[in-house]
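Chain lettering (A, B, C and D) follows the sequence in which the chains are written, and residue indices restart at 1 in each chain.
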Amino acid sequence: MDIVKTNSGWDRNQMAQKVALDIPDGSYVNLGIGLPELVAAYVPEGREVIYHTENGLLGMGSAPETGFEDPELINAGKKAVTAIQGACFFHHADSFAMIRGGHIDICVLGAMQVSEEGDLANWSTGEPHSIPAVGGAMDLVSGVKTIFIITQHVTKDGEPKIVGKCTYPLTGKKVVDRIYTDLAIIDVTDAGLFVKELAPGITFEYVQKNTGVSLNRYF
Amino acid sequence: MINKIFQSAADAVEDISDGSVVMISGFGEAGSPIELIHALVDRGAKNLTVVSNNTGSGNVGLAALIENRQVGKMICSFPRTANSTVFPELYRKGEIELELVPQGTLAERIRAGGAGIPAFYTPTAVDTPLSEGKEVRIFNGIRYILESAIKADFALVKCKSADRLGNLIYNKTARNFGPVMCMAAKTCIVQAREIVEQGKIDPEAVVTPGIFVTRIVEIPHPAHESQLVLENRRYPWI
Amino acid sequence: MDIVKTNSGWDRNQMAQKVALDIPDGSYVNLGIGLPELVAAYVPEGREVIYHTENGLLGMGSAPETGFEDPELINAGKKAVTAIQGACFFHHADSFAMIRGGHIDICVLGAMQVSEEGDLANWSTGEPHSIPAVGGAMDLVSGVKTIFIITQHVTKDGEPKIVGKCTYPLTGKKVVDRIYTDLAIIDVTDAGLFVKELAPGITFEYVQKNTGVSLNRYF
Amino acid sequence: MINKIFQSAADAVEDISDGSVVMISGFGEAGSPIELIHALVDRGAKNLTVVSNNTGSGNVGLAALIENRQVGKMICSFPRTANSTVFPELYRKGEIELELVPQGTLAERIRAGGAGIPAFYTPTAVDTPLSEGKEVRIFNGIRYILESAIKADFALVKCKSADRLGNLIYNKTARNFGPVMCMAAKTCIVQAREIVEQGKIDPEAVVTPGIFVTRIVEIPHPAHESQLVLENRRYPWI
């Protein structure tokens, strides 16, 4: 059987939009640095989502207009942000009490690898001369109720990021709930990985070929 | 769209059912959500475990809830009051269980419950009867005991002002256990003297961020417990 | 040898004054309920002492004038108080972080019994039908740097309160630093109890006679 | 009479000696007490253990302290920065030690240090390389690791306003680690944009109660770290 790919899959914005559609009205959400940040722009009209940034702000708004940046009003990626009406500031221990205590509904993170069982590696390559830097990633995956991963399906070198076992050091074990890639949306379940949706023109077989572990399908 | 505002105390406590663990804010009457407690008396849920610093005064508020035989167990630091015989009488008859917890340990166990910390070590109560049966461990030559988090199904909390997102500020020493109880309960029900427009509470001065709050009821003129006690009132009102 | 007592010893206010004289300028102090509360009135002119009350106020002031009581501004004894300029309010976990974390310099407490080793019993008689109530006493004695006890030297029945071993349930073990009674001021040291000062007309022998354990003297 | 006000940053850091454990507030440049750090560079104390979320940017502030070889060990969550090579170079040469701590665990360990909690259990980092060698314990069927408190000899903290009693308020997300570091250090040294009259800070809005603060220095116009980095400045100023 030929492996069919008639389309390049979703682009970054479309991926972000897919994530955004799955965030229910009224959710408290923490968005990781980079690709996850795009999600905020695609929350459907009529839904209210409150963004938490672990450096001490609940009710993070969009980026300020040029010239209105405040170096003391930043997000976890150290970029200038704004605060919505009804926002509040708090210290780091309180902020991570929200995270660790299970008060944040959804966290959207990037990934280096995700395993069949939902293990996540996204903080270190484990190479001897790399500078290890974990930030809040381990706290987020252990504390937030639902973890969404948004990532390209394969690495720049074409290697699968969705694998049987992570080879990079783990951020957390059995923590990922759903993976959004340029090719598909994949649920992590006790029975294995289930493809929930395919990008237009992308076949299940093509996704499988680019995945390091056996996939299941709902359909 | 988020809107946590409920129209009445009765609506707000409607799903508190038999056997629930309920945290109730307050240090004496300061910060005690008397209207929410009375709504819970009306609701009638039984066999509750109540976590609160005291056991109420007179025959109103928390004392009324106990007198109405809705509380199977109290977790508190100071169940003795000059002006209520409700708890002592039931306790002496063996009809209510008591878990006595030092006040700071109580506050920290509740905070831990809200902060995702299952257990912590503390120096408080080491070598006293309140550490009996608890694990002792030495850190840097000092003995500590292990204490576990307390979580609740519901918290009933009183504050000064709230907005529709659930951001809260309190009044003076009526703040006490409110903020940590909001954190530690699955459903946090708040009575506020006023509900203000979103953005009216200074974001630097918010004490309880809205994420911890589930429901808000506006009670502009809460009853003064001490006044009711002076007047020998009892709830349900006769 | 006759045991000499030519005076009834210090009264409650004099005891409180003795404690107050030993509180250094700039101290953060927690005063227990009852007799300890009297101490605040006797802080010498020119010394600034900040009072902490465990129910969430640093910078507690004196009692309000009649008619100006606020039921939401109270002390640990649930009495109406005021707040000084520069006071602040905080929640219970933060308040006990101050206590447990060793940030309060001095706590003045009452006692049912104090032992030779500085064990304190002040929360329960341990009788089967008494209602046990501990409040913040155990937190205070384990966390505050210096514990002063202010108490009558003997019970109403004339029994010594300063004893070899406490018979009542303990509040804390080896926690008391100094005891102020109507008869004497007594230091708790590793070498035993040392009488530091006698009330006018009170002899060491008289104090010893009313004490359940052997006393030492500095003088 | 309590007066915690010091006349200069140099005076305020004068007793920080070799081998001290120093907490430094800030998340990136937000909340980083750059003038106090520069005073510590001038002071020259060596072999410091520094507890701070990051390792500084460019060649100013915390990066300058590290570059000046005053830091023997960093305890932090995120030592990588886009715009500084100071820490990475020393780290790769094995000339600075690193204890990498997840950000929330770092904050909680510091809070514990200030709150008299010697150790606590947390779910963060379970089954990852950062839990290696740590005690694992199961509560309610879930695995947690034991983490210990962090205390410091000194904390260097930046805030917005202070009064002479040491009550502090912060500015937006520059609050971050400041409040818990104030709690956890024997000597807490604060640089404030303004020192206000006692009573001017709303007692309901105080973030750090004065009891946690030892010294205050007024720095009305603190340097902007990112601006200095853009200008390729380095400290000591050339």
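Miscellaneous remarks
The definition used in the following text is that contacts are C-beta pairs under 8 Å (C-beta built on N, C-alpha and C of every residue); 3 or more make two chains touch, one makes a residue touch a chain.
Since we're looking at a predicted model, the values are computed, not measured.
The minimal number of chain-to-chain contact steps leading from subunit A to subunit D is 1.
When the interfaces C-D and B-C are ranked by how many C-beta pairs touch across them, B-C comes first.
Computed from the mean C-alpha positions, the centre of subunit A lies at a distance of 37 Å from the centre of subunit B. Computed centre separation for the pair subunit A/subunit C is 56 angstrom, with centres defined by C-alpha atoms. Averaged C-alpha coordinates put the centre of subunit B at 29 Å from the centre of subunit C. Contact with two or more other chains is made by residues 83, 89-90, 93, 96-97, 99-100, 143 of subunit C.
Within subunit B, residues 108, 111, 115-117, 122-123, 170-172, 204, 207 each touch two or more of the remaining chains.
Interchain contacts (touch definition given at top) occur between A-B, A-D, B-C, B-D, C-D. Against subunit C, the residues of subunit B that register as touching in their complex are 27-31, 53, 77-80, 87-88, 91-92, 98, 100-108, 110-111, 122-130, 170-180, 207, 224-226.
On the side of subunit A, the complex with subunit B involves touching residues 25-26, 28, 46-48, 50, 52, 58-59, 83, 85-90, 93-94, 96-104, 143. Subunit C makes touch with subunit B in their complex at residues 53-57, 70-75, 78, 83, 89-93, 95-97, 99-100, 124, 126, 129, 131-139, 142-143, 169-173.
Taken in their complex, subunit D has these residues touching subunit B: 108, 112, 115-123, 137, 139-140, 142, 144, 148, 169-172, 202, 204-205, 207.
Across the interface of their complex, subunit C is touched by residues 1-2, 111, 113-117, 163-165, 167, 183, 198-199, 201, 203-204, 206, 209-212 of subunit D.
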